[in-house]
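Handing you a structure now.
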Amino acid sequence: MFNWLEGQQYLDTGFVGVLATLLVVASILFNIKRANKGAKNLFIRRIAGLNAIDDAIGRATEMGRPVLMVPGIGPLDAISVQAVNIFAQITKSAAQFSTPVRLCCASAAVYAYAQEVIRDVYTEQGMNDRFMPETVQFVSDQQFAFAAGVSGMIHREKVAATFLLGQFFAESLIFAETSNAVGAIQVAGSTQSTQTPFFIAACDYVLIGDEFYAASAYMTRDPVLVGSLVGQDWAKIFVAGVIMVGTLGLSAEMTQQTDTHREGNKMVPVSESTGGKATTEKKKAADTAVARVFRPYIPEEMTKDKFTREKKPVPEGAEEGGE
Amino acid sequence: MTIWEKMQKIDRRILYGILVVCVCIGLFFPSTIRTDPDPSSKSFYAAVQKLPKGSTIIVQTDWTNSTRGESLGHFENLMRLLMNGEHKFVFYSAADPAAPQVARTVLARIVAERKSQGLREYKVGEDYVDLGFFPNAEATNTSMGANLKAAWAGRKSKTPSGTEIDIFKTPVLANVNRIEDCQMMIVITASQSIDIAVQRLAQKIDITALVTGVVGPTVLPFYQSDQIKGVAVGLKGVYDIEYLMEYGIDDVKIEGQPYATAGKEGPVPKTEIGTRFSRGRQYYGTLHVALTLLILAVVMGNVAMFAARRRKGEKV
Amino acid sequence: MNLNYDVIKITAGVIATIGLYSILYKENRFYRLFEHIFLGLAAGYTIVATWKDTLYPQWWQKMMGQVAEGDNPAVPGYWVYAALLPIGLLAYLVFNRKHNWMSKIPIGVILGLWSGQQVQVWWNTWGPQIFASMQPIIPTTFSPLAVPSRMEVVGGQVLPIADADRLAAVQQQITNNLYLTQALTNFIFVITFLSAFSYFIFSFELKGKLMTGVNKFGRWMLMIGFGAIFGSTVMARFALVIDRMAYIVIEWVQALTRGV
Amino acid sequence: MNLFPMMLGQVVEESFWKRLPGPALYGFLVLGLLFGIGLCFALSRVPSNMRRWVIVSFTFLAGLPYVAAYLWPIPVAADFQTEIPRNGVESVGFFLNQAMDPVGTITNIIQGFLLGVGFYSLVRIHLTKVKRKQENWGFSIVLLTCFVLMAGFGLRDWQIRTFMDDTGALNVRDNWTFVNYAQDFLFEGLYQQMDSAMFSMIAFFILSAAYRAFRVRSVEATVMMASALILMLNLMGALTFAQGSAINELAGNTNNLFLLNFKINTFADWLRSTMQIPAIRAIDFGVGLGALAMGLRLWLGLEKGGVT
């Protein structure tokens, strides 16, 4: 007989992590479903940076200069996809005013994706002839070559507005200050908290952290996105609640006495650790029940000798496994 | 335009010019500065120094010449520390294909430096192993945690005699089957690769890190939650480690005061042999000049703003 | 020859550096030249790096296996990897009007792999951090109110406690108790976290003074965090410019005076 | 330690999925290639209402191994190399563990193949400029030339070093040929230096951005500036040490050890660990959750934009 939960990740309180992940997943999926069914009362608060987008495009139109968009330099992942999706909305507005658009990519895969999405936007607007090879372009996938290329473009084309949304690293400030030098309006947002302060210092409007993900829900009001956002909020409130309860529980527990301390996956008697000077001490954070929820206690006797397996006659190779 | 208004709108090019001049001058006057190392730097130094002699260390070196200013100093210090402790190490990169070559060059220089100082010469395949580059940090670290032998399978190492053998046959890794068999993993990085390592490996092995100033703030939460055991951040971190190598924690004293006071890890002796102060010392003084310039610029802008408003009779 | 080559190499590097720096003054032809050289080299380097670091070791070698050679046994090849080539090449259909939808297949595969990992790493990343955000806020002792010092005043000088036993006792006292000041610090920690956290709740309308107040406070806390990042990053950036200047004024000048 | 079994570990058994080099492997390779091509052709015939389904299932299948590896019980205290699973559940666990490595590399391989899509865009733009003699077309020629030179010398250099230099003679510069010099000059001499130059330029931008943005205009700006200033002061070891010594003296004279908390570095540490850490954690937590949610939407094909 085997136990279904006899897995390394389920031992002791290990299941809590899996459970928490599943709870978050469930709350997101549940709310997406709820929104799809047409729950009308789903509210999203105003996100300041996004209202500036139309002003920025308007200004570019007046000045007859292009709008620059950079989806960060990350590889093709949800962040880049999210950025390109926001840019699709921006392109839609820009296309209506016939304002030229430059979307510069630092990853070939992101380029392939953006090419597809942005071309669709122009096709929808019936403006296929305005979709040029320069509209979406791959500049370089080396970080600073990309920065040099885009800076040169900002200067030469004198862009009127820049949208820097996505995964940015050190090059963030190069783009932001260069755009500032040519007097462009800038809306920026990065999931990298390390770059956000530079955007705050150099740009006109900044999406902070999570606002970046909330942005497309706010702009499109697509039920899937709105529902997902609500689900995320539920998860956040849940986590905040857990932290509050945990803080109180931990605090209360730490006023109690104990005669053994937990050190990693062993329990050490106080008398031993103090050299016999004391037999009881106040509980430390690691000794509490709250800690155990987050750090499963798996002493050796739980694993050792309980799981003996036969050895392979000839050890199999490292790259065993398949597609 | 009054002088105050002008001071609020100094052309950026003038600021740039001043910075270039100040930095160039600063470089010609390296100096030893009394300081108190950051607690996280002390933890790093203590963690490495407290390793038993001859430990096996995994070094993930994820920096290239573009962050030479900080990471080069970190890497040089680390090599000196590891060689002082006679630890064996493997190094590889999971972030940048160019990183192993950069590390190799520096390592060769440190080995030559120690040879010229009459210290034991570290040899490839015997004291350290060069694994090269692993693309995709996530997958690499995940499989290192799950199955170290599979993750590193097929990699060869040169030996002092010039032949090639499987890395697991070298003295460095002969007794290593799982990642838990190594004593520490040290990540030198200029990117988020430390996050990836912590997420996937912190439960299996003690991790410490040497990171750039940018990455520092995102790594400190891991230090606070004890997911990493110590971290030296940026140029200050480079100088901190050199300073600790020279003076130890609560070891060398001046007028009864230790150069570096003990933190939670207690006293740790200074290093006895090899180079201690080097690049950190050369650059740290210049950093003071540049920072002072920045702070002056900010202060000046604000003073001018207040003065200009006052002249106009606005409330401030 | 070698010496000359070194001098030429480092001089070229210095000229290129100055060329790129010239954009700080204004955009000019000199910058444009080096920008295009840079972009060209970067593109070429990408091809080399992709082949030698990714496709050759991870795809070609694994697919073709290895023939036994001396000490090294043969390694079988994954023939299935051959099928990845046509699937990857589907992305090129992005330029084809009729079949462009198929370019989304390799993109979907990349995104699928990424997405699967997110589920896998979420708790590993955040579980420990959630726990670390729970800080004890009830002091276990009120005497003294603040953490006892490991220092002492001797003859008007602040020195670490000299008596080893007494130092150990103080140390023990510190680790065993939670003082009021520590509890307050922890309380600020938790409040900072929760208020900054609450700023990122989007789907509830902020009504009433308390809610808007918390939101505003959360934003201030974020700004403190950002200021701190800015302050730490400054060091990193200045370190780079210092290193670059060292390259120009020290290494180059040395090369010139030594060589030629 | 007996090294023999470990060496044997390299002698990987053949299986259906992997074959030792030889005619059989090449036959299977052709088969794999044909299978891939066949699959592509079959897919091109998929009616348009099924296309979404095709893409979603590719995405789902790609993400599945990771999710399965997370949820499926991981065999406890197992050595995946040398041990035999005890039962069916463990067999799957073993299989998933060993699948992680090959699955992880698929992303890199496919992204490698995709690179050409980007280069097509780059080369097309610059070739057009040259052909039509548009503004700055001369620079486009420079770009294309550098591209060809770097790629050519780089690949040739790699080829020489990997296949024609068994003794490692090329690690010594005396043995270099023109190709090696050319590669070194382009990569080390120019490319790397330009990379560093561009990176270090940020220091200048930080100076001008700080000068412009750090003004006491609003509570937010002031709070950010104050926090940045404290951290910057803390980076100056000489200053913190001087201030620390002054505080020490004051504390010594007044016999009040509590004053020691007012040292800049103590305060900066306090600020960092008490306010910066939770603030950043709060931001990153939200971002992490956003990524999870987005990943989930992409994986399950719920995103309307997305891949479908």
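Letters A, B, C and D mark the chains in the order given here, with residues in each chain numbered from 1 onward.
By definition in this document, a residue touches a chain if its C-beta (ideal position, glycine included) is under 8 Å from a C-beta of that chain, and two chains touch if they have at least 3 such contacts.
Small disclaimer: the values here were computed from a predicted structure and weren't measured.
Between subunit A and subunit B, the least number of touching-chain steps is 1. Of all chains shown, the one whose average CA position lies nearest the global CA mean is C. Here B-C and C-D were compared by C-beta pairs in contact; the pair with more is C-D.
If you average the CA atoms of subunit C and of subunit D, the two centres end up 10 Å from each other. Annotation: 20 Å between the Cα-based centres of subunit B and subunit D. The distance from the centre of subunit A to the centre of subunit D, with each centre set as the mean of the Cα atoms, comes to 15 Å.
Within subunit B, contacts with two or more other chains are made by residues 12, 16, 19, 66-69, 98, 135, 138, 147, 149-150, 153-154, 166, 214, 217-218, 221, 224, 234, 236, 287, 290-291, 294.
For subunit C, the set of residues that touch two or more other chains comprises 20, 24, 32, 34-35, 38-39, 41-43, 45-46, 52, 54, 58, 62, 72, 75, 78, 80, 91, 94, 104, 106-107, 110-111, 114-115, 117-119, 122, 124-125, 128-129, 131, 133, 157, 190, 193-194, 197, 199-200, 222-223, 225-230, 232-235, 237-238, 240-241, 243-244. Contacts with at least two other chains are made by residues 18, 21, 24-25, 75-76, 78, 81, 109, 112, 115, 139-145, 148, 156, 170, 178, 193-194, 196-198, 200-201, 208-210, 214, 229, 236, 239, 317-320, 322-323 of subunit A. Taken as a graph of touching chains, this assembly is fully connected, with contact between every pair of chains.
Within the complex formed with subunit B, the residues of subunit A that make contact are 143-144, 169-170, 181, 193-194, 317-320. Here subunit C touches subunit B in the complex through residues 24-25, 49, 52-54, 58, 71-72, 75, 117, 121, 124-125, 128-129, 131-132, 150, 157, 159-160, 228-229, 232-246, 249-250, going by the rule given at the top. Listing the residues of subunit B that touch subunit C in their complex gives 12-13, 16, 19-20, 23-24, 26-27, 66-70, 72, 97-98, 133, 135, 138, 154, 156, 165-166, 195, 199-200, 202-203, 212-214, 216-217, 221, 224-227, 233-236, 250, 256-258, 261-262, 282-283, 286-287, 290-291, 294.
Residues 2, 4-11, 18, 21, 24-25, 28-29, 32, 75-76, 78-79, 81-82, 84-85, 88, 105, 107-109, 111-112, 115, 117, 133-134, 136-145, 147-148, 156, 170-171, 173-174, 176-178, 180, 191, 193, 196-198, 200-202, 208-210, 212-214, 216, 222, 224, 228-229, 231-232, 235-236, 239, 303-304, 306-307, 309-312, 314-323 of subunit A are the ones touching subunit D in the complex.
Those residues of subunit D lying in contact with subunit A across their complex are 5-6, 8-13, 15, 17-18, 70-78, 81-87, 89-90, 93, 95, 97-103, 110-111, 114-119, 121-122, 124-125, 128, 136, 194-195, 198-199, 201-202, 205-206, 208-210, 212-214, 224, 228, 280, 283-287, 289-298, 302-307.
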